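To start, the structure itself, in structure tokens.
Labels A, B, C and D are assigned to the chains in the order they are written; within every chain, residues are numbered from 1.
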Amino acid sequence: MSTSSENGVVYSRLIAKEGDESIYELFIGPQHPSSGHMRFIVRLEGDIIVSVDPDIGYVHRTMEKLAEGREVIKAIPLLERMTIIDSHNVTLGLVLALEKLLDVEAPPRAQYLRVLLSEINRISSHLYGLGIAGIMLNHSTMFMWAFGDREVWIQLAEDLTGARLTHTYSVPGGVRRDMPQAFPERAEKAIRYMERRLKDYMEIFLDNPQVRSRYEGVGVLKKSEASRLGIVGPNLRASGVKYDARLAEGYAAYPDLEFEIPMREDGDCLARMQVRVEEIRQSMSLIRQVIKKLPQGPIFAEKYTRLLPPAIRQQVAQTGQVKFPGIFASLKLPEGDAVSRVEMGHGEIFYHVTGAGSTKPYRLRVVTPSFRNVILFRYLMPGHRFMDFPAIYGSLDYFPPEGDR
Amino acid sequence: MSGGEKVKVLEETFTRLGVQVSVLDRRVRVIALPESLRKVAEEALSLGFDHLVSIEGIDWPQNNTIEVVYHAESYNDDLRSLLLEIRVRVPRDNPRLESLIDVWPNAILLERETWEMLGVVFEGNPDLRHLLLPPWWSEIPPLRKDYKVQEEGIYVDLE
Amino acid sequence: MSEPIESFGKHLKAIKTGLKYLISPNRITVYYPEEYIELPTGYRGLIRYYPEKCIQCSLCAMICPAGAMKMYRTREDKKGRPGVNYQRCIFCGFCVDICPQNALEMTKVHDVAFKQLEEMIFTPEKFSQEPVSPVVAEGAKKLKTVIDEERGLRHEPA
Amino acid sequence: MRVMNIEGIITWLLKIVLSPQVFAPIVFPGLLTALMVLLIIIWAERKIAARVQMRVGPLYVTRRLGGVLQMLADGARYMFQEFIIPDSADKTPFVVAPVMALTLAIVPFAFIPSAPGFVPIKSQYSLPAVLALISTIPLSVMLMGWASNNKFAIQGAVREAFMGLAYEAVVFLSALAMGLLYGTLDLEEAVTKQWLPGLLLNPIAAFTFFVGMVMSAGKLPFDIVEGEQEIVAGPYVEYSGIIFGIGMGLAYLKLYSLTLIYSILFLSGWNPVITPLYSIYPGLAGIFLFIKSFLLMLFIVFLRAVYGRYRLDQALRAGWRVYLPLSLIAVLLSIFLRVVNIV
């Protein structure tokens, strides 16, 4: 097998090495302060990591098998449990694929509301990532600040959808709740507060010389390697690849909103964290644009509101809370399959839904960003010191329940 | 080269390889045979699809085959809105395929998952062991249709 | 430690930021049992069932993703009435949204505790009583959350 | 046999207790205040970190005082918790090591003067004696790590050895610089010689001693020995119950004795002596020494809310490449100041 790296990837680092007696084997096990719900078999030579074998699957809930055994609409709250900190982005991919299969189109106002909740979730997912990266360096202030300020965005999501984390907001045909009256002004205040707080984050965490010395030049992922290993999300954009599923797919209302893709060239831990902070700023500007440009009109597809009795249709228009038609309990998926890609906080999620004419999907394939980033643990770690392990782990923003599905 | 011509170029190169090509909404679907899989993969790599998004197995017990679906993607600007889908059918009782690790390095984990979930053996994959399931998993691969999951009704009868 | 002077300046800036918040902390703690937060309208809490509106169409039991809503049938009434099992319920609100008669409604109660697991299974009779939050019953102070530019989340007496 | 009446015995006892040899090490800057400082400092650390981090910190133990007795509750919990000795561990050193570490952390109070003329053991080598005792504590921590026969504990013990190398030389050299400056190695004389606080006389030594102190106490940003995120709790991973409590309190006791040394050498010790108090009882006159070291500890503990953790090799590199040369410069500066006989 070629170990040359002409196509950019060093193959020898892809295979976990067996230990001989000079190798010190440490199990950073599922029960460990900084391992999350997974285990790493770390092989050390002195202080230098020889190889890391990520052993995932401790939170594997067989989502794909469960989705095959239930009606289609039930797959949405099921698959939301893969990443509840970014729950709208994780189910949006499935809803888009189902809309292609059921050939229904969400009205423009629903498209904008989807972007609104997606960006709120992206900010709270990035804050979660910043907090975990902070506590991995034992910087408890960054952890508490990130999780404290995340409450502001969770509060906004709660006003919009009625649930803090697991909103189940998008369904095939549109969204379930309209934007409340007081929402725009509260969102504006949250954005101004967050802009001020990001400056404090930079001063106490990212520009703190102690954190800089832990992050700079550590876990460098070269541009060619990132693209060849199929890395996604901020980890990819920090290595200089300008790719974002929102540009590639142009779903929801993203084509008619302007946003740039923050990027870095050097691909080390610091670049990844800086990309996440800048993406928070981008998401806030997107929220401002959505609130300004939000079109009037229905939030649920005409094809389904037509089936509601007139009294309920009147009530929906008045309360802004959508009611489902009876057939939602047993939507029939036609023959054929559909594919969708959505940009989550952690990266690009991929759905492939195959229907076979029954109410249950024949096969539902989902590849989450964390599953695509797992290979980085094995690829990036060799050659670093043992104390770089939590720094790299924190900067990758890996989320075990999402990686295991 | 705009998206349209790009798709045409893809179509010609693959039809020259003697595989069935069809274009759906922004997806180039290639139905390949197990023998021509490596040729198609190397061709796709040279065209710019330099990494895999997913390797998926679909179990069709009716016609006794397992269909392995590769989705390849590219990050450069002209190809990024396109997805290359390669479908290969292998017999259900002895599903064997050639491992594509040296074409697409990130297949190393995806192949492990498909082997574990559907029993498709990828020859040449150096460490084909359990990834998500516990190491002592001995039942049939769970994503096969004959691995039944217990269903539940909606009625509960009181006294 | 390259360019020590500049990094020393940054050390001081980090300590200054810490001191700034030491002097004027922006705490977001709510002392829960003594105070509780008044939740926004449309909050998805425990469900309330109105038996008189229900037409026993069992759509809610069919759509429930977690299999929490079941139709409890007795010998005399074959169609059955819905009852929820809060061990499984995920508060997604699908049942409320599909009910054609608005016989199900979500309250703002979310902090009910149960001593035994069996208590969490609500038969139709128990399901039709209004759930009561223990904190409100004890008369805790009601607060409402305000998002404020300076301090982020602030809680004012509602 | 002279019959000692009751008052005789009481006055005799009182004389013993109030004598410097007993009062200083046991009561004032010594054991009792050390334990009381231990409780207050850990509580203050959690409260300060909580204030910076948008939360409240310990509260429910004594609600009106803001949970100040929280540490007492924790201490009692450790006291009554059964400590488990793993059978794979080496039993006797496993239990003896933390106790030895605690004694080594408390013995330095025998040399620390708390007021002019009020020192338990009067000797002109009290400074090197204290520092020598404090530098033996890492040995017992290594023994703890080695005896618990656990992979993470051994990693922790090796880290303790490495860190010991990083800061020991720096602390000794900066203390030597001050000894040279004052022309004496006796702590009490050092204070009398400071017509200007040592900090202003030799700021470089003050800075290097401060950093060396933070490193040796294992406080952030040099919290490397107990790196939770890498090696769970370092040498203390197999410990539970009171020997774990001792292990945890050890770092703070070491910090307390080092801050006392720091305020004696650099912040002119107990200098503004309150003469009326001195005439009543010399032991308490040194209250300023305690206040200065307490404030210094509060600042060091506040650093926890500002910093993460350095890598082991970065701490070593800083120790050897930055602070050791700095402390050598400090020695040269003291020699120069001595020649100019500024003191």
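The working rule: contacts are C-beta pairs under 8 Å (C-beta built on N, C-alpha and C of every residue); 3 or more make two chains touch, one makes a residue touch a chain.
Note that the coordinates shown come from a computational prediction; the quantities given were computed from them, not determined experimentally.
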Distance-maximising chain from chain D - centres being C-alpha averages: B
By number of C-beta contact pairs, the top two chains: A-C
Centroid distance [mean C-alpha coordinates] between chain C and chain B, Å: 41
Chain A-chain C separation of Cα centroids, rounded to whole Å: 24
Distance from the mean Cα position of chain D to that of chain A, given in whole angstrom: 47
Shared interface positions of chain D, touching two or more other chains: 52-55, 305-307
Multi-chain contact residues (two or more partners), chain C: 1, 14, 17-18, 21, 28, 62, 64
In contact (per the touch rule at the top): chain pairs: A-B, A-C, A-D, B-C, C-D
Residues of chain A touching chain C in the complex: 70-71, 73-74, 76-78, 141, 148-149, 151-152, 155-156, 158-159, 162-163, 166, 168, 176-177, 180, 186, 189-190, 192-193, 196-197, 200, 203-204, 207-210, 212-213, 309, 312, 315, 321-324, 326, 328-330
In the complex, chain D residues that touch chain A: 49, 52-55, 151-152, 155, 220-221, 223-224, 227-230, 232, 304-314
Touching residues on chain C, where the partner in the complex is chain A: 1, 7, 10-11, 13-14, 16-18, 21, 28, 39-44, 57, 59, 62-66, 90-94, 97-98, 100, 102, 106, 145, 147-153
Chain A - residues contacting chain B, complex: 1-2, 7, 9, 11, 14-16, 56-57, 60, 62, 64-66, 69, 100, 227-230, 236, 241-243, 247-250, 339, 341, 350, 352, 354, 362-363, 365, 367, 371-372, 374-375, 404-405
Contact set on chain A toward chain D in their complex: 24, 26, 32-34, 47, 134-142, 144-145, 148, 204-205, 208, 210-211, 213-214, 385-390
